[in-house]
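You will see two complexes here that share subunit A, one where it goes with subunit B and one where it goes with subunit C.
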Partner chain A sequence: MSAHNYLEVKKLNVSFPTEDGLVAATSDLTFSLARGETLAIVGESGSGKSVSSLAIMGLHNRARTNISGEVILNLPTGSLELLSSSEDTVRDLRGKEMAMIFQDPMSSLHPYFSVGAQIAEAWLLHNKGNKSDGLKRAIEMLELVGIPLPVERVHDFPHQFSGGMRQRVMIAMALVNNPSLLIADEPTTALDVTVQAQILKLLRDMQKEFNMAIILITHDLGVVAEFADRVNVMYAGKNVEEAPVRDLYYKPAHPYTLGLLRSIPRVDQIDTHRLQTIPGQPPSLINLPMGCAFAPRCPYKELVPNNLCTTKNPELSNFADNHLTRCHLTHDQIESVR
Partner chain B sequence: MLKFVSRRLLSSLIILIVISATVFIIFNYLPFDPARLACGKHCTPEIVSGNRHRLGLDVSWWMQWWEYLKGIFVGRTYGQGAAMFTCPAPAFGYSFNQHACVSTILASALPVTVSLAIGAFIMWMFLGVGLGVISARFRNTWIDRASNIFVLVGTSLPTFISGLLILLFIVLKFNLISPLDLGQWHSPLTAPWEWFTSFFWPWLSLALIYAATYTRFTRSNVIETSSEDFIRTARAKGVSERKVLWKHTLRPALAPILTIAGLDFAGLLGGAIITEQIFQLPGLGRLTLQAALQDYDLPIIVSTTILAATFVVVANLIVDLAYAFLDPRIRVK
Partner chain C sequence: MNQPVLELKNLKKHFISSNGVFSRNKTTVKAVDGIDMTVNSGETVGLVGESGCGKTTVGRTVLKLYEPTSGSIIFDGEEITNFSPRQMKPVRSKLQMIFQDPYSSLNPRHTIGSIIASSYEIHGIHPEGGVKKAVQNLLDRVGLNPEHINRFPHEFSGGQRQRIGIARALALRPKLIIADEPVSALDVSIQAQVVNLLDDLQKEMGLSYLFIAHDLSVVQHISDRVIVMYLGKIMEEAKTSQLFLNPRHPYTKALLSAVPIPDPEIERNRERIVLSGDLPSPANPPSGCVFSTRCWKATEKCHQIAPPLVEISIGSKVACHFPEGN
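After this line comes the complex of A and B, so read on.
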């Protein structure tokens, strides 16, 4: 991890004490991200994508969440570790240095305030000015994200916008302070396909305009291929593989990623690899099993000697240049099963 | 918005007309005869029919109803010749039992009930909503647990128990109000302190019960709203915890409480029968109880029933308008 990286996440663990036991939603998550770069995080539902990104934003209730590890922002003024910083320090960064947009733009906007008021609030929290300055900024932002008639619509309420327009409003609000990091948690899942494409294009344009780092959380491997520079695959709270997009698609190194890629239908693959979803269920996050969390579903665990898969936790290790994986299989074994 | 208001006004008016007609239909078919009850020991059929005429009961229910409605706007005249007398508008009938226009009787009972309702309302809203917000904010701490005990006790005690306990073990035991002074009406305009002290304990005994319910309701609403996505968005923008609570959480969390509060308040305006009875307050509740169980005083019963219904309908209207003012989703539709 070099210093020119903007965001460095090291051995991040997030767990929730519940009545049934400790839910280990994120364990040992490690990655980094440069300015202007896009990292996609993929993984099935419950794999800890949202929990991890909320931890980076400092949005978990500290009293009800156990968090350890490091989240480092390399700012022009120096490095700052967020988990050990005061709540006030992190709050100051939220909305200014790092911003987040969410899956459901209807429920994520406040139903009682006009979109202008909500964008203006985000601006006024981090800038000096009065309400009308804030509103002026809001109009500029609405225009930038492609909302028609921004001067009139700035006074409208969220329910008066369509789903895609609402997500544009969310983006306008997130970007109003020109943040260096944007976390987009499944920003298009709730939208229909044509709108999805428009929103992704908007995000890409905004990224160019502001030179933002983007963490894009998604289920959609098609979106990843089109949009991201690198991919982080999560399983049961851990990142099991990380690679540049091309490498991940053409030379996947983790059995879980292999399974994921086989589950998407592709015309040229129908003959060689039959369409399949990965059989079995992800493990319970309470009392995670010894060894590899994917072992119960892994078709290749027999290739590893001494039942290592069910007794020893694989570490994140180099598979190739810029390509990390968390698996006991050797390089050659992976090449042969691919 | 204007369309919304006028539509709601119109529907309220229609509801009131229907309710008042229903009241007349019901009392028309009740198995007691006010004309007969108003007839003394030496009753003859002639006296009964004379009474029936004087009471205006010798016409169909809808004529009675019409006369009643008309009386509200133009006043009403009873009897003939030397025995003739008039209740000026708004007239709600004449009580032959108390020998007074119902409007006069209502006018003396209403300030008592309104005083009771307003004071209790203010008390329980402050107590209930305040405690609810605090215990939501400090969830699972000792404050929350203490307030939870209050909720459990408050919601399981019936009003007559809490009222009696307060009367016997606080008010009378410590001689806070002398038994002779109990139920004495003091106007807040001429004797504000006496008014306050005479109502304080009745307020408290009513407010405790309501406050418990409101604490529970407020707490769960605030907690539920805190887990809304838009609250997470506010935090993601960098809004401080204090502002998250006051600006983003409370408005949507308290809006539904407003609805219930309006209706509860209106219900109390119709007369808090039990509390008025315990503290012997001469309000609408006691008036109704006495008219219904002792005197069979139909004009009074009809009027207090319609009045209570009117309060509820008007409160409903006000609550709807306030809600529309608070929640833009309703306003625009």
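After this line comes the complex of A and C, so read on.
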């Protein structure tokens, strides 16, 4: 355990028992994060990004979800493993020490309470004060995230806000107690690019001021390029590549990452060609196939001898300094197909 | 080919809200404040703009999910502005919307199979080969596993739910789809698949799209024309390549300069226009030009007189006293 690691996730597995069988949403997820650092998680839709985050935050229904592995927070008072801690302990940390911006703002805002009341409640849960202090704090936060006329709009209900404004309300709520760890699940997808830039700046300023560790889940590889220190790429429940941001864009190592980077449309390069895609579909997470989960779609599996790709699961291994990948190709093979 | 499938004339949607039931303080939010727009048959029109500028409201008003405050809506040659819900029913099979918030638009107690199948049932349509086969076919086309037909919405990820919404909108083979942020929750490779699918369907069936999105690179890729809104009004309208290469409205220019580029070196060394000033509220819009509180070129004239949307070159309109470029 290195001292600078604030959050350590080790071999996290999350699965859901369903009628059809066990859905393995997250398998063998391992990463760590220091305070003040931003780790972006990108990857296939349905690859387990949200499910893993909810597991870190202790938000899965423990009775209906199988979770194993370790989630360790290194707090000033000592290390704490969250998966084996009581629900009360985790609840006390949530909202104060660690907070989350949810992907789906409407389902995490209560329709019958004003947005102000909801932000105030999040604050009052961890601070001493009365209702009007809470409301004052709510107005401050709404202003911070750029809601016009916050004094008036604090009394409005979620349905009276546009999609992007709701997302900003969620951000205000998550940041109200200056958390040390923020998991932001698609925090800017509903925002136009000017407001997005403003919100990213706000997150960066808060990160500097409170030395916040940020996990940023996003599909926007432009935002990742701008904002992340390191990137974690997920596919079918596993992290298949982890690298410093520049290495990921300029020296990608995993065939899935290569495909992802080739599919991006760009505004700075006018083109009307058909977009490149990765042919095929992600595997069902029930009864994952033997071998590499990307094999059915991988154009390079023939390069690996003895059908290893379809028989043996590749381990996460070093590709270069601080650069991990989960693939049977050799270093030279990767360089030649890139 | 150039037949309009949708025409909006001076369309307005104002929301009147009071703070609390007993309050007399009524405010009027001018969410959509007099817009003219045409979508031609087989065409894709991109609709972009500030969060909260009224894009979703345009879509919901066209579907008559909101009663328009004034103006007119002409769909497929028929004025539907004052249609009753009963009159709207046959229109809805030709006019579909993909909703911005995929979760709250899917009934959590129904399986995705029955959610998509209900489109056929409501409109009494019997697809070839039966409903189940049609539904599975649609799921496959949007990149979802056809075997998941009996699962419930909460068992899907954000991007998977978004594709359920897309499959539902495509089921009836409508003439116009209003797609409100249809690909925002998808990773770029599935996004590319869906964008290609929308392209293919357009070629196959002459579909039209009003494509609302914040991701300007996707808008650029998919749209024939782009309309830029700000605070309930149209600021600029132009052919896609024209708008991206030569933006005329200062807001468009600022918007384009803020698009993050997926390349760390370029992105971190890029010049961009940072807008200063507070976002105005649609309940209390600025006098004169609505963008004047944040425009770096604003003069006294701008604060006094609202610039009309005028055609400055063929197919290109801008609402600004001092447009950029040439």
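Going forward, the second predicted complex is superposed on the first by the 306 of 338 C-alpha atoms of A that agree within 3 Å, B and C clash if a C-alpha of one lies under 4 Å from a C-alpha of the other, contacts with A are read in each partner's own complex, and residues count from 1 in each chain.
Definition applied: contacts are C-beta pairs under 8 Å (C-beta built on N, C-alpha and C of every residue); 3 or more make two chains touch, one makes a residue touch a chain.
Keep in mind that what you see is a predicted model, and the values were worked out from it rather than measured.
Novice: Examine A:Val115 and indicate which partner it touches, taking first as subunit B and second as subunit C; both and neither are also allowed.
Specialist: neither
Novice: Could you tell me if A:Gly259 is touching subunit B, subunit C, both of them or neither one (first, second, both, neither)?
Specialist: Touch status of A:Gly259: second partner only.
Novice: Touch check for A:Ala293: first (subunit B), second (subunit C), both, or neither?
Specialist: It touches nothing on subunit B or subunit C.
Novice: Between subunit B (first) and subunit C (second), which does A:Leu329 come into contact with in this model arrangement: first, second, both, or neither?
Specialist: neither
Novice: For A:Ser107, using the defined touch cut-off, is the partner it touches subunit B, subunit C, both, or neither? Pick first, second, both or neither.
Specialist: A:Ser107 contacts both subunit B and subunit C.
Novice: Looking at A:Val42 after the superposition, I want to know if it touches subunit B, subunit C, both of them or none. Which is it: first, second, both, neither?
Specialist: Second partner only.
Novice: If you count the residues of subunit A that each partner touches, which comes out higher, subunit B or subunit C?
Specialist: C
Novice: Touching A:Asp192 in the superposition: subunit B (first), subunit C (second), both, neither?
Specialist: In the superposition, A:Asp192 contacts subunit C only.
Novice: Looking at the overlay, what does A:Gln160 touch: subunit B (first), subunit C (second), both, or neither?
Specialist: Both partners.
Novice: So, does A:Val71 touch the first partner subunit B, the second partner subunit C, both, or neither?
Specialist: It touches nothing on subunit B or subunit C.
Novice: For subunit A, which residues lie in the overlap of the subunit B contacts and the subunit C contacts?
Specialist: 104, 107, 160
Novice: Residue numbers of subunit A touching subunit C in their complex, please.
Specialist: Result: residues 16, 18-20, 23, 42-47, 49-51, 103-107, 146-149, 152-153, 155-156, 160-165, 168, 186, 189-197, 219-226, 245-246, 249-250, 259-261, 263-268, 270-272, 274-278, 281, 284 of subunit A touch subunit C.
Novice: Please give the residue numbers of subunit A that touch subunit B in the complex, ascending.
Specialist: Where subunit A meets subunit B, its residues are 57, 59, 91-96, 99-100, 102, 104, 107-112, 114, 121-122, 125-126, 157, 159-160, 170, 173-174.
Novice: Spell out the part of subunit C that touches subunit A in their complex, as residue ranges.
Specialist: Of all residues in subunit C, those touching subunit A are 15, 17, 19-20, 27, 48-52, 56, 100-101, 103-104, 143, 145, 147, 150-151, 155-160, 181, 184-193, 195-196, 199, 214-218, 220-221, 241, 244-245, 254-256, 258-268, 272, 274-275, 278-281, 283-284.
Novice: Across the complex, what residues on subunit B touch subunit A?
Specialist: Where subunit B meets subunit A, its residues are 228-230, 232-240, 248, 251-252, 326-329, 332.
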